[in-house]
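Chain IDs A, B, C and D follow the sequence of writing; residue 1 opens each chain.
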Amino acid sequence: MKTIKIGLVGTGYIGRCHAIAYAQAPTLFPLKGKIQLEYLAEINQALADQKAREFGFQRATDDWRKLVTDPNVDVVDICTPNFLHKEIALEAIKHGKHVYSEKPLALTAQDAKEMVIAAQQAGVKTLVGFNYIKNPTTQLARQIIQNGEIGEVVHFYGTHNEDYLANPNTPIDWHCYKAKAGLGTLGDLAAHIVSIAHYLVGSDIERVIGDMQTVIEERPSPHNPAEKIKVENEDQASSLIRFANGVMGTLESSRISCGRKMGLTYVVTGTKGTLSYTQERMAELKLYLHDDDKSRQGFKTILVGPEHPDYAAFCVSAGHGIGFNDQKAVEIRDLINGIAADDPMYPDFEEGYKISRVLEAIAKSAEEKRWVEVSEI
Amino acid sequence: MKTIKIGLVGTGYIGRCHAIAYAQAPTLFPLKGKIQLEYLAEINQALADQKAREFGFQRATDDWRKLVTDPNVDVVDICTPNFLHKEIALEAIKHGKHVYSEKPLALTAQDAKEMVIAAQQAGVKTLVGFNYIKNPTTQLARQIIQNGEIGEVVHFYGTHNEDYLANPNTPIDWHCYKAKAGLGTLGDLAAHIVSIAHYLVGSDIERVIGDMQTVIEERPSPHNPAEKIKVENEDQASSLIRFANGVMGTLESSRISCGRKMGLTYVVTGTKGTLSYTQERMAELKLYLHDDDKSRQGFKTILVGPEHPDYAAFCVSAGHGIGFNDQKAVEIRDLINGIAADDPMYPDFEEGYKISRVLEAIAKSAEEKRWVEVSEI
Amino acid sequence: MKTIKIGLVGTGYIGRCHAIAYAQAPTLFPLKGKIQLEYLAEINQALADQKAREFGFQRATDDWRKLVTDPNVDVVDICTPNFLHKEIALEAIKHGKHVYSEKPLALTAQDAKEMVIAAQQAGVKTLVGFNYIKNPTTQLARQIIQNGEIGEVVHFYGTHNEDYLANPNTPIDWHCYKAKAGLGTLGDLAAHIVSIAHYLVGSDIERVIGDMQTVIEERPSPHNPAEKIKVENEDQASSLIRFANGVMGTLESSRISCGRKMGLTYVVTGTKGTLSYTQERMAELKLYLHDDDKSRQGFKTILVGPEHPDYAAFCVSAGHGIGFNDQKAVEIRDLINGIAADDPMYPDFEEGYKISRVLEAIAKSAEEKRWVEVSEI
Amino acid sequence: MKTIKIGLVGTGYIGRCHAIAYAQAPTLFPLKGKIQLEYLAEINQALADQKAREFGFQRATDDWRKLVTDPNVDVVDICTPNFLHKEIALEAIKHGKHVYSEKPLALTAQDAKEMVIAAQQAGVKTLVGFNYIKNPTTQLARQIIQNGEIGEVVHFYGTHNEDYLANPNTPIDWHCYKAKAGLGTLGDLAAHIVSIAHYLVGSDIERVIGDMQTVIEERPSPHNPAEKIKVENEDQASSLIRFANGVMGTLESSRISCGRKMGLTYVVTGTKGTLSYTQERMAELKLYLHDDDKSRQGFKTILVGPEHPDYAAFCVSAGHGIGFNDQKAVEIRDLINGIAADDPMYPDFEEGYKISRVLEAIAKSAEEKRWVEVSEI
């Protein structure tokens, strides 16, 4: 069995999630490759060393350039702040590494496009960390839709709302600067719901008309609460959308949506039924079938179980629950099998780029107050 | 105590609801006027007589013109098919009657405007049957918002989705013809959520950009299933909206939304909290307050009770439940007190007209694929 | 059509509910008799007169004995405090009146038995106000069970929990005295869940072993908060039960169950499925069918609608909601049709007596710490 | 840092869960010891070798006696069928090993007692796999109770219902034989809810009166569906309970409870509030506080997050979800820290024995139809 040597760049919130997933994936799945946690990069050697110990990596560096050029690294796993994704990925690709990048792929669609082209030309494989589509429950949703159980899709409503910046006294951070984050809630959160929209509807978003607002226009400096600093990107955004197959839809996203801790939700309406889901109850899916006897119609709450995609890896009994990190373990499975056995890897940079275009089209349409074709981006 | 003599025109679905409400209102509320069920009009004398007996009206006629001119009628209560609202209302107003009309006020905003002007010139009082804002639970929502408990409103999401036309084999009916219904789901259902949006946000919708679709383009003739007849108005519609006070929002409506039996829902997000509601659980309101201790945050499910507006009229114990007809009883209370004691009556024709303008603006914006100011209508 | 002349004794909480139901029933249902609100009794003439006006009764008295002997009264409707039920009922029966009594039928099973015998001997008809079994949703539950849709019932779990005495500082009231209320939470609340248990399982409870507790042993006097008065009956009670058909079950009841405003709930488990319900969401029923495809199993939330028993009387559209008073209107329909057309009336005094026996058996078993046969009572 | 060498016996359902937890624990927690997956035993060498590879163990054997006597094993982790727990544990203890056993500790309380005594005498540390009390959400419940936030506990209702044997055509398996499983649903499922009852109420169950039933008295042979074999233990059981501190409660358990996939639920009622939980939504806890303003009372749904015990190890954002295996990882953390640093380990054999006594007391009380003191066992 092929050994896949991982080079991890960045060990914050999401880097740690990757580490957890690397640790559990081999026990969960019959992987087609052997994971070797080879190299880890952080901003200074001490932190790199500490994280390498914690995460079980063999070597550590304070220079990601060393990592991406290291002959003993097969995959570069990018968990840095967003603004670094592009530079690291391009450099890794240049050295023939496969690249596994966290979302968003880049700060702009143009940057994402360059990354797609570079990867294609270099013939490396790519994967982007839109992990919510790896949830067995959302995989089940897709299966139900593809089976035609809810008929033809006629409407998609999706949100990704959270409240991490709801308090106006929360000091400004990197999320609020264009140079660090690009878009605001669109880039940080809405990227996920666009990913799910594509995945579930099975068609790309083709045109959009959005609206957006920076509700809290300035925030305290983290260093001096009395000093106020301007927020550069949007707190909330909504968009009407049309998919290429004609399906209507609506997307909403907010980082100031009080009470939403993981408000990634979708309602997919078809000609014969409806699916409803919220990530805050990530192990259940509500399914309504209009052909049920009229006196026995209703939304059925399906608890995800071993009959459904990828759940059995976690537990042989239904309803026992899956957690956030389990999604990432599925993603790692796809990464390893994709590289070791050339299995398809999805969502790749191409899909990451498509998502960026949709998000930028929404922002553009909001600024220009008109419908925008995604192809304009 | 003044006696208020009611003339009811139309005894179908909603006319019967009015009759139920007239019957129970005097026991529920200490009304400021005495209800006299004076006169009832239907399309033929036999039906009129039968319904007068069932509903407890003293006299019956097959000619609504007789009713609206009858000196012994104080209020004309219009429960006919929508396309007749205008003609009957104008005639009633001409004869100095107060008018209580079911929604939508008219098939077009222009028609609604004529009705508003006529009523103003005649100095009669008006009320439109947007009964969902009379629900104690939604009254509580407004109270919470007006108290500032959720801070300043920053977002409104509302839907009115049902599935009465979800099955493509359901024969065509009056809802589907422009001449009978005007708009499709916008006129029939979305009118309610616009009414709630205005009521809760406390500001009028100022501009909109909508999208809409006739998903099931033709339906079987009710007389011959093999014959297909063209559906003339929209099955589903969505709109981004901006209120006059700058608040962002989204409205959605569908009559083919599988599984939604009474899918009137709203989520009102403020700077300090959020309210969430669905009419399918009309006796409960979910309230989240961001200032709660971080480890004790969450949506609280409040069961409506005697501490809340108008509930005590129905029951002295909380959580015992209120039903659809109870809302109408509150509306009848407002009608009687409005006419007997000149209490304010809301929503009046002016508000009905405003709602029509919003709906037409949505339709226009969908056709012209651009943002439309409600003032353009 | 026969006229049924009502004599109402007592106009408090539940008396007012009866009045609301009398007012709306004729519009809701095609009754087989005409309701005449003939006579009303209260503790003094002024109150009696006022309530007669409010409720629409023709005459009023401060002496219930006048009412029960009045030749112009067909049905005596007893809404007094519980300790008066027996005396009034026996007197009414003696004068050949039909009797419609609120629950509990009497303070003791022995008293209830006397009432049953008296009514049988006099040949009058009786009805007891266990209104929750009149809810269309619970009627639907019974229909599903009787159809065999959940197979054979194997377990019944039911509660009636409320929190009206949860606060230890709430002053003592009539509920807490044996002479006024008889049992505590068993008599006041559990009576309802026993009624539902019989109704749904279709078999009588045969033996019980209960446990009970007076958690708050004394309460402030209503006249002097510093003075503490002993609570004479139980705050919470639970019982294992066996039905005559062998089905196992558990009942729980509490009047100090924080957060339960209308905590009447049941879970009926069968060999092929399960029903789950809470009165706090009185318009929905959850149904699980084990024969569903394993990957599509789940509890389905059915919103009650016109396909279900008695709902169409309230609304022709599903999911529009029914309220507390609507149940009472169904009960009044049964009363009027029972007396006017000799339709069966259920639950009658016989059933009221059976329920009292179960409750007393639970209390006895708790005191004697042993299983008690209901037939011992 | 001390190295803790694990010897795992049994690799079925729960053994695999242990393996997953061993794999991820070091990345999740700053453990006080280093886990070394040393030795694994299965019923034949081929299976043992395969599982050792899958789970990452260094050595494998087909003879658990070799494992428990191996000088290079510190902890014996017992994941075998229940009937082997005792023998393996006693042998391990005899060789001075610490023992980590899955629940139930043994088939009988008497056996469990022997194990407790042996461990005490040998001075080894013990842990039993009642993993549900390791869930951050249930830890939060305990914290809320211990803080006095819901006042003094007055009632505990708990269930562990599943439906794995609901279908009467499911062939008989080891669960149904006394010699293999001991008690039926009591041993398999109710053990968990007893564990939670003790953990949350903070007092031991002192006396019980139970009822139980074998509903499906015989089942098809797995080898020949036409042949029916007698089921030897109970399908469903319920019990009234009293804790040592006087608190009343009720426990229910069933393995034929249609629709319950992970029906471990509890409602803990206090004098000032109530907690409600179901394992099927393992990341949320409902909290009601009676001292809230009367018009703002309600159950609040708290999504578990980094403010709560042990959640931050999994994710730094609230509401992102935890899964079944995450509980086991917390348990493994406790195991490693308990052995490496002598941190307290709970629940130990002593607690496992207490739980067995409660279960046996329930069975005995059901057979003898009387209240049984747990101390009688």
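As a convention for this text, a residue touches a chain if its C-beta (ideal position, glycine included) is under 8 Å from a C-beta of that chain, and two chains touch if they have at least 3 such contacts.
Quantities reported herein were computed from a predicted structural model and do not represent experimental measurements.
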Chain whose Cα centroid lies at the greatest distance from that of subunit B: D
Separation of mean Cα positions, subunit B and subunit A [Å, integer]: 41
Separation of subunit B from subunit D, taking each centre as the mean of its C-alpha atoms, in whole Å: 54
Two or more partner chains touched - positions in subunit D: 260, 297-299, 303, 305, 318
Touch-based graph of the chains, sorted into line, ring, star, complete or other: complete
Subunit A residues within the subunit D interface of the complex: 13, 16-17, 19-20, 22-24, 26-28, 30, 54-56, 162, 164, 260-262, 279-284, 303, 305, 314-326
Interface residues, subunit D side, partner subunit B - complex: 140, 287, 294-303, 305, 307-308, 318
Interfacial residue positions of subunit C with respect to subunit D in the complex: 150, 154-155, 157, 163, 166-168, 209-213, 215, 236, 238-240, 242, 248, 250, 252, 254, 256-260, 269-274, 276, 288-290, 297-299, 369-371
